[in-house]
Every structure is written in structure tokens, then in C-alpha cells.
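Structures incoming, each one as C-alpha cells.
Two complexes come next, and they have one chain in common, chain A, joined by chain B in the first and chain C in the second.
Coming up: the complex of A and B.
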């Protein structure tokens, strides 16, 4: 044990921050981008119109299902919200088939005309990546993410103790002073966004509640399924009577749901045994209301009779769903969404500066800086490969979306593969090159790749920056400008490493160095 | 509009809090202000932040408002830090006629 409380907290902060640090950087980076997952999807699916589903499109979906889905065991409709990015998807499956095994048609959410957007997972992949990672079983990933998030919570609390001068130094951010500057940047990003960081880490753990604490369920229920059936009932089971009976128009059934639940807007609809007298229909609400209902409204599609409305959730369930809402921020208007995104950037920068600080502090103390011990070498190279490599991978993901041939088999998978090819390439590059050169080249690669995104977009679609400006297409303008801004940030960072003086400025006062724990 | 109002209050609040710290008074004004003035500035700064909370909460709903307030606190604190980091540049700009 370390001798004083603050020293032991400093030790705890260093190791709970460093060891899961690279995973935390990935979680923060992808999670932050996920606040704009719908907008990213809109950019990545330029073929699709934006907007909530119109009555006209709903009628078109109804017609498609009645004509092509006749005799199917189930129908499903997935309705995009007003933020867009996804097509209005209708699908049907034969009796006995699992959901997703049948045929699927994508419709324009405004006109109801059939559309064929490019095969991509869009912003949704970035969102999933932040807790499911990739190329590994989902449960492993979630355990890894859970452990990293637990460590993050420990690092936040121990960090407030360790960097005890964060409040005295609240407004201090001094550049060009080596280690002192990294410490300042780490402190400022952490303290300024402290409410957000604490909230996002804690609520993030709550989203993975039953991964971490399965006993809460196993103590009272025979299985996870039994718990979910009790806590989130999906409504009465459909029965096959064998008597054919015509279904009411979907539009009218939606109106019934809106009567049962004022303000109800549908997000996902299932119809079981359509065309049979025992058919049932479940309409799930959009999830963009803060602490709003999640369960479906069940209606008989034959008679239009209300079969079940989900019970009002208990206090514990409501607390959990409110915390998940707080984490995902789906209810946010554009101002709050921008604040969420900015706070996420703060978290990402805090993790990155913390990781760099660990190496900067120790480099000065190495017996032979040219030949560091393995642990130091690994940490330094992982820093380059993750901090410069991951953003470069995301830029490559956007580029692949525009450059891969539309007919390519498994196109969506290849977009993702390109993300990891570029990221892995930079990771390997970072291992092979001297550290300083690796930083310069890694950051410069990010700058080039992000700068290429608007260029390639202009060359491969009719919605380049200038065309979008002329057409008043705000989303495409903002997206391209964001890419250029990111390119500028990475170019500046690369240039700063390139022109950095070899020695950091001498420390001014002993007061400053004495608390330089990290 | 509530967002702009909240931001303005937070900016003023953090401005006062910045100037209520002795080291920053020394940097910006080349002298330390009397203890009584400093105390008033600090209290005023916190009062403005609290006022921003009530404005934001009553305007946007308490749940949504609290979140937005936290975000605007971060933005305005960042503005104060940026100003402080670029103090010499700002003072040079002001010194020019």
C-alpha cells in the first residue's frame, strides 16, 4: 500500500486509467459519434429521403404487405423517426420462420415508393461498436466494456482526489510546457465535463446492468426470458383459428393506438397471423421521449379492438429506463444534442491526454530513452495506434461507403473491414516507426483521410459541398465541414509534434511539479 | 432563446469566478483586489450560475433543463479557460489604439 491516501488514490487512478484506457478511448470515440448516428446514416445512405412516415407511405406499405406478404406467418414494419437515416422497412416471413428470414422491401418514408439504398450499416454500426465492439462474441465484448466502465468510474473518483488542485487550477490551460500542458489538458477536459462524465459512466453501467449483475434476475426468475416477459410484456399471443378475416387498414389501426396513448408515434410494428381471425398487432412507440413508455399497444387488426396496453412500469424499471434515456440522449433537441456531443469530445480528449500523460511523465525518467522497457514501449505504441488509428479508421469507413462498388457482395461488412484495415495498418505502422515519427505520420494520415471525405463525396455523389450549399442541404454541408474541421485539427496536431522543441520548458515553481501525479 | 439566456448567465458567472481568484487578478489586473470585493465576485459568480439553472429549468422543464444547464456550464467554463489561456494576446489586442 502507498503511504498516504492521496498517493494510494494516485496509484489507483494511474492503473485503472491506463490499463482499460485504450478500450475507453474507443468507447468514448464511437459513443460520441453515436449521438449523431441517424445523421451519419443519412450521409451514408444518400439515396433515402428524410422525414417521418407519411400516411401515403403507410398505405403503400399496407398494399405491399397485402399483395406480397399474403399467407405469411408474420409481418413487420420498421418506421424511421423524423431524424431519418433509415428507410421505412416492411418485411414478412413464412409461418414458423424466425423474424428476418423472410423477404424485405425498403420504402421511401414520404412517398412510399420502393428504394434501394446502398448496403451499409451506417451510423448504427458506430453506435453498436461502442459496446459490442467487433469480430468477437457480443457477450465477451460487453464483459470487456463493463470492466472498462467500472474502472472508469473508479478512475473518475480517484482522479478527483489525485488531481486535488483541479479546482485551484480550474481555469489553467498552459500550452508549450511539456508534461505540465498534458496535465492541464487532462484536468481541464475532465473537470469541465465532470457532471457529464460521471453521469455517462454510471448510466453506461446501468445499460449493461444485467450483464454485470445477472443475479438480480436469477434470484427471482427461472430465466432471463421469464424476467423480460414479466417486466416488458409483449401482449397476448396470437392464435390461428383457421378462419380467414380481412384486416383493417394499417392507417386506421395506427389511429386506434394514438387514441389509446395520446401522442403515440409508432416505431416498430408486428402483425402475427395476418389474414386470420385470431391475428394480433403490436405497435411499439418511438423511444425519443424522456422516460417515456417502451411497451407495445396490442390491437386486434380484424376488429380494431384494443387488446392490451402495457402496464405502468414499476419504480425500479422506470429508474433504469430513465437512466438509459439519459445515457443515449435520444430525446434531445439539436441544442442539447450538440452539448452531449461536445461533452463526449471532452471525455475522449480526457482519456487520450491521460494516456499520453502516462508516457510523457515516464519518458523523462527512463534510464535510456532510446531503448525503453517493454511496458513503456507498448503503452507508447498503443497510444499512437489507438489515438491516431481509430479516427483514421472511421474516416476510412466513410470513404469506403462512397468508394466500394454498389454491387459488391457483403458490401456493409467490407465497409467495416476497411475501418479495421486502416486502423490495424496504423497500429502496425506505429509499432514499426520511431515514436515521434509515428505520431507525426499517424496524425497526418488522419488529416489526409478526413480531408478526402468531402472530396470523394463530391466526386461520387451529386451532393458535394458546393451542390449542398446551393440546395440548402444543411446536413450534408455540416457533415462535410465537420470532416474538414477534423482534418484541420489532426493536421495541426501533427504539425505541432513536428515542430515541437526537443526539451520541455523548465518548470517554473516547485508548487507545480509537486502535484504532478497522474 | 432559453439556451442563449442560460449561456449568457453562465458566461457572466464563470467570468466573475475567474476574476475572483487571486492569481488571475494578478495576471489580468496586475494587482490583487480587496478581499471584500473578491468575496462579492465569487458569490455573484455562483449566484449567476444558480440563476442560470433556474432559468434553464423553468424554461425547458427541470429534467431537460438540468441537462442543458450542465452542458452550458461546460461551454462557458471552456470559454473562460480559453480567454485565460490567451490572456496576453487579448491584452495586446486591447492595448492597441
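Coming up: the complex of A and C.
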């Protein structure tokens, strides 16, 4: 279409970047926070202790299930890992009930004592938001997210082609030069994090593998069900014999699983027909081992015998699970996790600067900058509402966690509603105000909301910044300081927009590379 | 005229490239099964590579000298893959 390969790819880069850009910003922002979802959950549930499940707590869970779950059709146990944030949850359901219909008890993962943390979805919601979005059917959200990710992949590859002097510009970051600075910032964040961005986009598509591309299954299997039956064989069928039979202690059954698979640590357990001779038990492993197995160990809880060993994955299945591990980074220690987080921040900033660059470049060429055409107006206002509004919403989510009454009905839902009320409010504000004012006020709102988080935390819990420093509570100290750092960044950004003079339109052909992004 | 050409190209580079990728992925999967690869492995492997296929297809369409030529290539490769799926695919 355009004369050279670089020109046609520059055009492609612009549009595959802009159109899904706002969705990509949301995915990157929430996805980046998800690297610390357990830590965020720990902050949002200050009532519960942190630590892997102890033998003592496991015995307590066993006792609760035998006493209160007697005669149930199934039992489930959900065990937090060492990073914490979730309570040790046991539940039971009557025969015929679906999972989650029955009763549920939350236990302290160290002592096994019953706990009642505040009703919140914690960091888990931020994680789910990055591919399930909210207020819409999950499948629609996943289609939308997959399409945005596929466009991002095209934008990355065409962006690299567009970028002639990729290594020279690696060292090029000029501040205060208007459009040129936005391009520099976009290039530096993109190039520095390029391997990460390519990896995270491709592996992200692989986590939702058959969502957008179910056609290999359609062509190779008689039905979707046939594929899932072959790919994820269920354990042995549980059949009720009617003969009561005592169950071995859970502790001993866990030891059996560890014998069958060395290094095994349980994350989720289901028991079908407990108390019956035909009972079955499936223990799923923690997913924090790189390339580790995902399938459950199936054991008879009556005899302790292994019932089924999951199939050894083939090369393609192993590639898939390895890519998912790379994407989620659950295997990483704190150093690698910090790198993941920083790369995620770079990705978020790359998307944001790309979006701003689109408007900065076009504003200079508008026939009448006071009355832009509708497309430009919409892009500029969406930029304010999404880039400043989404972080403000997350700050409001943290504030709601501390401020909403503990007895409030549907409390967890209201925390989430507050995220969207504040975000939606800034989106509307951004549409109503002149663009420059909207940026200043939107970024300042972010700064104020993030700065309020440590203040409100100190006023509503006994674990404020000073107390946490005294007690050596590293997680709470780091969380509060991160909120203050974010507040400082947004305050600085707001101040820069406030004091900046309007940039003169860049002279055309002044630099060849500024022509790269058409 | 220019406008229609651009619309046609955008259509070819998005839905056209997607349809081509879908057919190529399905054909690759059934071919692998024909060569004795486990069906779950074949479907998974073909689909993992599909996103790279789409990227290349979309970029090729947007760079093609003429949109008509791009459509012809999409149709030819798509038809060949479609034949493979029809002949070897699961009923």
C-alpha cells in the first residue's frame, strides 16, 4: 500500500496500537499488579496470618470436616501457599449439591483456629480483571482481551520493523521536547522491555489458547467435549457403595501424595463421598514450580492406595504449560518477581506514551486545535479517562477496603463498585473539561487518592506505617511506601502538565525518525 | 476509490488473515494426526503456532502491492488448507 515496507508497517503499527490501546492499558495495569496479588491480598485482609498450612492446621481442618461435614457428598480444602493472603478454606456440600453450595469455614493456616477476615476479593480481583474484565460475561471479555493481545502482537512486530535505529535510540531519552520526548519515552520503554513484551503477549495468547482459535479442535475432534475428555482425563469415577468405611487422616493422605510425587505440596483437595468405601480423593499441586505438573494425585482415602497417575505431557502440552508458567511468573522469588513487575510497569508506560503520542502528533496538524474532529476528541478524552482514571480506581478499591463497614451486605462487590465509580467519574470528568485541565485534575486526583491509602490504613487498622516500621512488618511498610511513591509520580506528572508551556508544532522533516510513526 | 481499497485491505488484513490462520491451523493439526501425532498434542501445537501465522499474514496483507493480489493469495492458500481439512478432518 505505502511505498516502502517501513511506511506500510508504520501505518499498521499506528492503528493496531491505537484501536485496542485503551484495553491494552487496562490489561497491562491490572496484569502488572497481579504479580503481587498475594501480597495485595495480605494487605487487604489484615486479619489473617501468613504462612503455609501447618500439620496442626491440617488436623484442625480434618476435625471440622469429620464433625460438621459428616454425611456430605463432597469436601474441599483450599490451602494458601507461603506467600499468604488467603485463609485456609474448608467446605462441604450435600450429595447432589454443586461445589460452593454448602457450608464453608475459614481457618488460620498456622493454628487452625477459625478466622473471619473482612469480605473482599483482594488481589485476586485485580488478577482476574486483567483477562475477565468486569460487568460483562467472562467469555466476551476473553474474546475482547484475546483480540487486543493479537493486535498487540502485530503492533510489536510492525513496531520493530518501523524502528530503524532501534539500538541508537535505546540510549536516547530527551526530556521537555514535546512530541520528540513522547516518542523517545515510547521507544525506550518499548525497546528496554521488548523481550518481555513479546513474551508476555504471546504467552498471554497461549493462556487463552482455544478462545480465539478453536479451529484445530473442531477439525481434529468430533466435539469440544471429546477434546477436553482426551486432554484432561478425569480421575477414577467415584461410586457410592453404601458401605461405610473410615477415612485415613488427611495428614497421612498428604504424605502418600508426597511419596508418589517428590516435592509435592497440596494447593486444592476434593474428597468425593467421604465416609463411604468408594470414596475418592484428588490432591492438586501448588503451581509455583516452573514447568511442574498440574494434574492431581488421585488416592483412595480409605486404603491410601494410588488410584491414577496423570499422563505424562507431550511436547506441545509441555510447551503450553511452560509458556503459561512464564506468563504468570508464579515460580519466581522476590528478585525475579520485582523484575517482572518493573517490566510490566514499562509495558504499561509504553502503551500510555504510545496513546499520548498519537494525539500529540496530530494536535500539531489540526486545522483548528480548539475544535478537533470527533475521532481526535474521543482519543484525547479516552486517554485522560483511562490513563488517569484506571489507577485512581485501583486506589479507590484499596480505600474502600479500609472504609466500608465490615458488616455491609455484598461488601466485596461494593469494593469493586467503588473502583468503577471513581474510574467512571474521571472518565466523565475528562469528557467535560478542556483537555489540558482534565489531565492536570485527573493526575492530581490519582496523587491524592494514592496518598490517602497509607493515611486511611493508619487510621482504620493498628498496622499503620509507623507501627509497621516498629514491628518490622516488611509487607505493610513496602505497600504503604509504594502507595506514596505512586502518589509522588502522579503529583509530578500533574505538576509537569500544569507548568508546561504549549509546545510549538515540530517543524516537518526536522528529524527523519520522527517521520517513522506516520 | 482510495477509500474502498483501504476498507478492502483492512478487511483482508483482519478477518481475511484470521480465516486463513484458522484454516491453516486446522489443516496443520489434522496433517500431524495423519502422521501419527497424538490428537491433543497436534491441536495444541498447531494452535500455539497460529498467533505467529496470523501476525505474518496480517503484515503481508498490509504490505501487499495490490489488495486484489492479497485476496487471491488468501483464497488460494485458504482453499488448499480447506481441502486438507475436508479430506482428513474428524467428522
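One rule holds for everything that comes next: the second predicted complex is superposed on the first by the 499 of 518 C-alpha atoms of A that agree within 3 Å, B and C clash if a C-alpha of one lies under 4 Å from a C-alpha of the other, contacts with A are read in each partner's own complex, and residues count from 1 in each chain.
Here, a contact is a pair of C-beta atoms (placed from the backbone, for glycine too) under 8 Å apart; a residue touches a chain by one contact, two chains touch by 3 or more.
These numbers come from a predicted model, not from an experiment.
Asker: Tell me which partner A:154 touches in the superposition: chain B (first), chain C (second), both or neither.
Answerer: Second partner only.
Asker: Which of the two partners, first being chain B and second being chain C, lies in contact with A:8: first, second, both, or neither?
Answerer: second
Asker: Considering only touches as defined above, state whether A:287 meets chain B (first), chain C (second), both or neither.
Answerer: neither
Asker: Using the touch definition from the top, say if A:343 reaches chain B (first), chain C (second), both or neither.
Answerer: first
Asker: Which partner does A:498 reach: the first (chain B), the second (chain C), both, or neither?
Answerer: Touch partners of A:498: none, neither chain B nor chain C.
Asker: Between chain B and chain C, point out the one touching more chain A residues.
Answerer: Touching more of chain A: C.
Asker: Does chain B (first) or chain C (second) touch A:335, or do both, or does neither?
Answerer: First partner only.
Asker: Enumerate the contact residues on chain A facing chain C in the complex.
Answerer: Those in contact with chain C are residues 1, 5, 8-9, 11-12, 150, 153-154, 157-158, 161, 202, 205-206, 209-210, 213, 215-222, 227, 230-231, 314-317, 319-320, 323.
Asker: Taking the complex as given, what residues does chain C use to touch chain A?
Answerer: Going by the criterion above, the answer is residues 6, 9, 13, 21-23, 25-30, 33, 38-48, 50-52, 54-55, 58-59, 62-64, 67, 85, 89-91.
Asker: Where on chain A is chain B touching in the complex?
Answerer: For chain A paired with chain B, touching residues are 170-175, 188, 192-193, 195-196, 290-291, 326, 331-332, 335-336, 339-340, 342-343, 346.
Asker: Considering the complex alone, what residue numbers of chain B touch chain A?
Answerer: 3, 17-18, 21, 24, 63-64, 67-68, 70-75, 77-78, 80-82, 84-85
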